[in-house]
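Structures are listed in the sections that come next.
Next, two complexes with chain A in common: one pairs it with chain B, the other with chain C.
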Partner chain A sequence: MKYEPGRMGTSEGIGLAVIMTITSIFVSSPAFILEKMGPLAWVLPLIAGTIIISSIFLLAHIFSRFPGNLISITEQLLGKAAANVICLYYIFVFFSLAFMGLREFSENTLLIALPLVDFNTAILWYGLGAAVIVYAGIETIGRVIYLALPFIIGLILISLIATYPLWEVNYLFPWQGYGINQIAENSVGLVGMQVGVIILAIFASSFQTARTIKTAAIFGVGGICILHSVFFIVFIMVFGTKVGMERFLPLFELARLVYLNHYIQHIEAIFIFLWVIVGIVSIAASLFASLFLISRLANLATIRPLIPAITFIIVELSCLPPDVTTIIKLAAKIYLSNFFGAFILPILLFIAAIIKDRRKKSCTCEQ
Partner chain B sequence: MVDNIVFKLYRSAKNILGYQPPSTPSPFVLDERRPYDSQPSAEPQPNNEKSLTDLTTLLRYANRLKDFAGRLDTVLRSDSWTEHAKEIKLEFTALDKQLCQLTPVLLRYDQSNTTPKLQRLSTSIEENRLTLEIIYHLPRNNDIRIRDFSVAGNPRVKAFAVFIAGMVDDKLLNSSVLKPLMLFDYSRELYDNDFTGRIIRECLPSTQVKRSNTFASLEDSVNSGATAIIFDGIDEAIIVGTSGWEHRGIDRPQIEQSVQGSQAAFSENFQVNTGLIRSMLRTSDLIIETVKVGTRSQINCAIMYIDSIANTTLVDEARRRIQGIATDYIGDTGELMQFIEDHPSIPFPQSLSTERPDRVAGHLAEGRIAILLEGNPFVHIIPVSFFSFFHSAEDFSLNPSIVNFMRILRLLGALLSILLPSLYVAISYFHQEALPTELLLAIAGSRENVAFPTWFEILIMEFSFELIREAGIRVPGFLGSSIGIVGALILGQAAVYAHIVSPIIVVIVASTGLASFSIPEYRMAASIRIIRFILLAFSTAFGLIGLATIFLGMAVLLCRIKSFGVPYMSPVSPKTIAGYDVVLRGPIFQQKGRPEVLNVKDQRRQPIISRIWEKINRRMMDKP
Partner chain C sequence: MYLRAITLLIFTVFALITTGCNGAKETDEVAYILSVGLDAAPNNQFSITYRIAVPRTLAGIDPSQGQNKNSSILVNVTAPSLTEGRNLLKSIISREPMISHIRIFVISEELARKGLGDILGSLMRYREYRGTIFLAIVRGSVREVLEKNRPDLEVLPSRWIESMFQLHSESSYYLRADVHQFYKRLKNESGAPYAVVIGINPLTGEDQGRQAVDKDKGKEYLASQIPRQSANPLDMCGTAVFKGDKLVGFLNNKETRAVSILLGDLTRGFMSIEDPLVPNKSVHINVHLARKPNIIVDISSAIPVITISVFLEGEFIGIPSGTNYESDEYMVLFENQISNTIFDQITSMLKVTQDLGTDVINFGYFIRPQFNTVQELEDYHWDSKYSEAVIKVNVQTKLRRNGLMRKTTPIRKD
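Right after this comes the complex of A and B.
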């Protein structure tokens, strides 16, 4: 198939893993997490990261025994009908990530940078940008993020460190947050936020080996989860739990608060630069995954003719919710449902792989 | 009838649905048909039927000759050959007569089937001369010289020499071709076995002599500056290397000047250029493959590589692409690269153009391929990465700390060159909060009397800067640099006084211009200049959002393109082992391997410990 991308290495894998996990720092989800977890919100990225890395490891283990990608191994293990259903499910997942991201990034662009620009122009801008990048292919998306990674991480860390005059360590207490039960319940529920990392499994056949996927998961997801956790610690230390819950764009607000001296202050301009790059590329990655799955499901030869149509549908979908609050509420529900795709399904596939492996071995022994 | 809304709507609908274009006269379009296309071709068309008859006649004669030769052999081996002598003589006479009759047929067949270039040389000197006159469009063509003479001998042999005036060394032609053939007295019979061989062995003291029996190879050699000598009664010509046209000697580099390292640059002479590289890379593994490019003007193109290092697939691909060019003329290496590079429509250069043989030698030693074109003083190196364009010639001659400082400076220069004007526009239009208050007030104060918007100020100044730069290149000699400096000073000062631009714009544009000169490769600097204007347009419209989007687009483009199959942003993205020479350069003795991305035959450049003397010193110190 022409849409099957070429061979991807660790750098592309890390790039994809990063772009699918780092987005949540830039949008309003930190405030939402803070509401659920209280002062212990910084633990969530670590728990969620551990769970999602475990899922990827389970899938990588399957790929080492059954070559292919997520859909093809589902077909091998559970049958064609199940593979189609799973394909449809992940189309929904990536579609939702794309359209929610598109709406949030466009809406917030009007808030932080271009208040006089028409909303439709902003959403078209992001949609068009993502579509153009999709034309370049998934390899390029991974490479671009890997190239930008030092700048993204470096500038986020600079923004965080630059707020040190405002840090109040006492805001991190009570350290138990809202209680262990609450934390456990929400952590598991919010794993769905990181469902995008499954993109590594969807393009598994394009990676050199299963080990490449594991490395990408460890360095990509692991690194970003630690960054996310550090971000939460700084965010809580600066704003506190109560005020933090009201902050709509936490990273932007942090960058805005920076005042080191007369010449180093208000560094949100840097943030805007990162915002656009991360926003457009994350939408493009989700869009590409959706297109790939649609082509796989419909057995199409190429994805390129679909790009304008699907982009248009995603732009239209993202215009449907009346405001960004609706999107945030919708996202919360979708994240919960994504737990199935992020964790349950990999476990199911792993069990099926073990059963099939055993059957194969017993057949060989009988012969 | 009243023209009410119903009728208006009806008419509008009718106009929309049944739209007829207004009957205006058709615009002038230059006629693309060419009158000479319909005319019959000037070249005679091959008459296949006639040729077939001629060929059959010639074949019959050949068969008869073969039979006769067989019979003669049998008779001569037998004891009674004297009995058959009369019979044999008769048949020989008949065959000789038939040959005389068939000579016109042979000539006709030869001439009707092939274009003059593809014909073989005839034994008739007149025929050969006529064919050459057709090939070289004589007497219209003025610089093609046909010099008649006779070769000293017994009897004297009629001959002529063909050469192109201006491409041959007259002294060489006189002393080593015409003088030995015409003046030395040879009182011997020349029409003997292997006439041309004897002439080559005994008369021509030149080092470059070869035989040719087709007009195609003869033409090829004459076009390259050789002299062809054609003799009467001989269907073979002698080609003598007499090329010696005027050309520039080895000079100092004009564009890639350096404070360290070699100070030699390529010239227009192909052999000199290949020789310069050979003199720097003294290995028998250095291969120089020559391929002719262009159908009408066939120019030599050399593919240079080190056989024991360069990737064979890469060499094959370069050769395949060069051989696969179908055009009539290529005059420059830049033109050639546009025919063979992966993405010719993208402004970023995909090959490294250099005029320095030391640089070519360095890249060849890394496993890359050099492409040279006859008559061109620039050599292109493939494949390259984005970061190669920020390396300069003397990078390896200097200490790593100095080089790294300069490389960072160049990259910062490139970044400033691409971003500074658009960043200023974006911040001053949309994100004023990013500027300290005093600076903001200073900018506002300086712009108080300026009539134009900021983007227009920048556009005027950028445009003026580009004009000065272009004028500086085009104006001859020392005037160029004077115009550059005087133009910039006067224009900037006058523009500020006239309140056309604010002083800060002059500072920004001047800094941008200076920064753009820090990029060592001209084509990379030019492509960055183009992108700067695109960024300016988008940052004017969308501020930092537009700037970031176009910047991202540029990053996507750079990550997507390949230079001869090698990712352009390698070894950074995708990550490969590069050997301490990408953005920064490590100590030269620690660069053990060649770039992994080139997938060369021999990955190791030097052993892990390349400073062996240091190891010996340590050993000696450790000894009690």
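Right after this comes the complex of A and C.
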């Protein structure tokens, strides 16, 4: 099929893993996590990262036994009907990631960078930008992000380090925050937010080996989760819990506070540059995954004719929520439900693979 | 072939129209507001004074020749809020008011005593305001302060403000106070917000200062009290202290320097200390913190006990009496003199803040690691305990350098 990507290596894998997880730093989710976790919020990305990496490792283990991608191994393990249901589920997951990302990034662009632009124009440009990138293919998306990675990470780190004069370490205490019991519930939400990493399993057949996927997960997801955790530490030290939970765009607010001297201030323009790159490419990656799954489900020969139509549907869908509060509430609910796709489903597939493996072995022995 | 051409065209169009110029404004379309002053006006309104830059007058100005009289203009409106004030401002000036370059908010004492909660709300939410805007309280009329601010060394009043705040640690007679720290202390679990005090000096040369505590030869001043007869009539001196969002009192220059010491900000401080052996003379020194003060807050008993250890280092600037304080036998004597003076200034400042019930040092910050959860910390209610806290202060000083003189030889007597 034409839409099957070519061979992808560790670099593309890391690029894809990064772009599907890094958006959680750019949007308002850190403020919501801070509200629930308090000073302990920095632990959450590490826990969520461990869960999501474990999930990818389970899937990689299956791929080493049963070659293929997430949908084809589901077909092998659970049958065609189950594979179609799983395919439909992940179409919903990536569709929702694309339309929620589109709305959030468009709204936030209006809020911080281009307040005079009409909302419809902003959302159309984001949609159009993502659609053009989708034409280039998933390998290109992975490579572009891998190449841009030093700049993205570097600029985020510069924004964080430049707030050094405002760091107050004791704001990281009381160390249990609002209670350790909050970790479980909020980890579910953050893992669900990073469900996009499953893209590695969806395109598993294009990666060189299962080991490539594991390496991409460790360096891509692991690296971003550490960055996310460091971001939380700096954010808490600069704002404290009470003020931090009020902020709508935490990373942007941090960048706005940079004031080293008369000449080094107002550096948030760097942040806007990052914002648009990460936003458009992450929407494109989710859009590509949705299109790939739709084409596979419908047995289409190519995805390209679908790109304008699906992009248009996603743009229309993202315009439906009446305000930004509604989209955030909706996103929170969807992220919670995404835990199923990010962790539960890989476990179920792993169990099914073990059972199938044992049956195979017992059949071989009987012969 | 056609697809490639179309893609190329799309990318070219993208490159041309997504360069971030949408909504861009030329500098001659924008009025850059440099400072905003708020006075109380009748019927719960604000008298808002804007200082707006006139960029074209800056071209070719030699900064050493002082401020150009037309480098900025003042506009005053009366409005019920800052947002309505901005609307009214647009009816007066031809350009779009640009708020994002404001350097300072100056608020009158009368308004500050009523509370700044309502004003800060809009500052923290709207994207054009930022936390790095400096914050000052004026004893008297804000409009008058903005009108009379004529910096001699800077072209723009905004540069004067920026330089003043950036170099606050040169004397530590005022602190760096911005909207971010004010709001952070207002909302988080502990710490009293503070702002800088600005006043108009009458330029009469009259000394309204109070003799400083203990052996400090310098006097205690607040803004507008510094005895002088010339230069820019604005004084920036002292600290306005808040309880919640309401102004409750002022700390003078010496108390402010004591705050600076306990905040760990004192990078340099010149002092004139009474000569222990010749009391009618002073010894001039330059001191700084050798390390951040060690603050331990013990909350194991009903009344918290705060133990503070301050370690200062310094050098001699001048010994007019000619006493050989560089020698070991006199050095300790003079170091104790400095330590006692700083001790008295710190305890005097802490007494004022305890009487006001405002934890300006933010001792509550140091108790955070002693709690497991935020709920436990909130239930402790640090603010209500601060006034009763027992505070133990220990100040040590070590003079490590003698300046450019190895020893002092006495002046020859006939």
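Things to note:
As a working rule, the second predicted complex is superposed on the first by the 365 of 367 C-alpha atoms of A that agree within 3 Å, B and C clash if a C-alpha of one lies under 4 Å from a C-alpha of the other, contacts with A are read in each partner's own complex, and residues count from 1 in each chain.
Heads up, the rule we're going with is that a contact is a pair of C-beta atoms (placed from the backbone, for glycine too) under 8 Å apart; a residue touches a chain by one contact, two chains touch by 3 or more.
Please read all numbers here as calculations on a predicted model, not as lab measurements.
In the superposition on chain A, contact is made by A:Gln265 with both chain B and chain C. Of the two partner chains placed by superposition, only chain C is touched by A:Phe239; chain B is not.
When the two complexes are overlaid on their common chain A, residue A:Ala113 makes contact with chain B and with chain C alike.
In the superposed pair of complexes, A:Gly129 makes contact with chain B and with chain C alike. By the touch criterion defined above, A:Arg143 lies against chain B but remains apart from chain C after alignment on the C-alpha atoms of chain A. Using the contact criterion defined above for the overlaid structures, shared-chain residue A:Ala81 touches neither chain B nor chain C, since it reaches no partner. Shared-chain residue A:Gly177: touches chain C; no touch with chain B. By the document's definition of touching, neither partner reaches A:Ala298: not chain B, not chain C. Across the superposed pair, chain B and chain C both touch chain A at residues 113-114, 117, 125, 129, 132, 262, 265-266, 272.
Taken together, the chain A residues at the contact with chain B in this complex read 9-12, 15, 109, 113-114, 117, 125, 129, 132-133, 136-137, 140-141, 143-144, 146-148, 262-263, 265-269, 272-273, 275-277, 280-281. Residues of chain A that touch chain C in their complex: 38-39, 111-117, 125, 129, 132, 135, 166, 168, 170-171, 173-179, 239-243, 246, 253, 256-257, 259, 261-262, 265-266, 272.
Interface of chain C with chain A (complex): residues 7, 10-11, 14, 18, 20, 22-23, 100, 124, 127, 130-132, 159, 162-163, 166, 180, 183-184, 187-189, 365-366, 368-369, 371-377. If you check the complex, the residues on chain B that touch chain A are 427, 430-431, 433-434, 436, 438, 542-545, 547-549, 551-553, 555-557, 559-560, 567, 569, 572-575.
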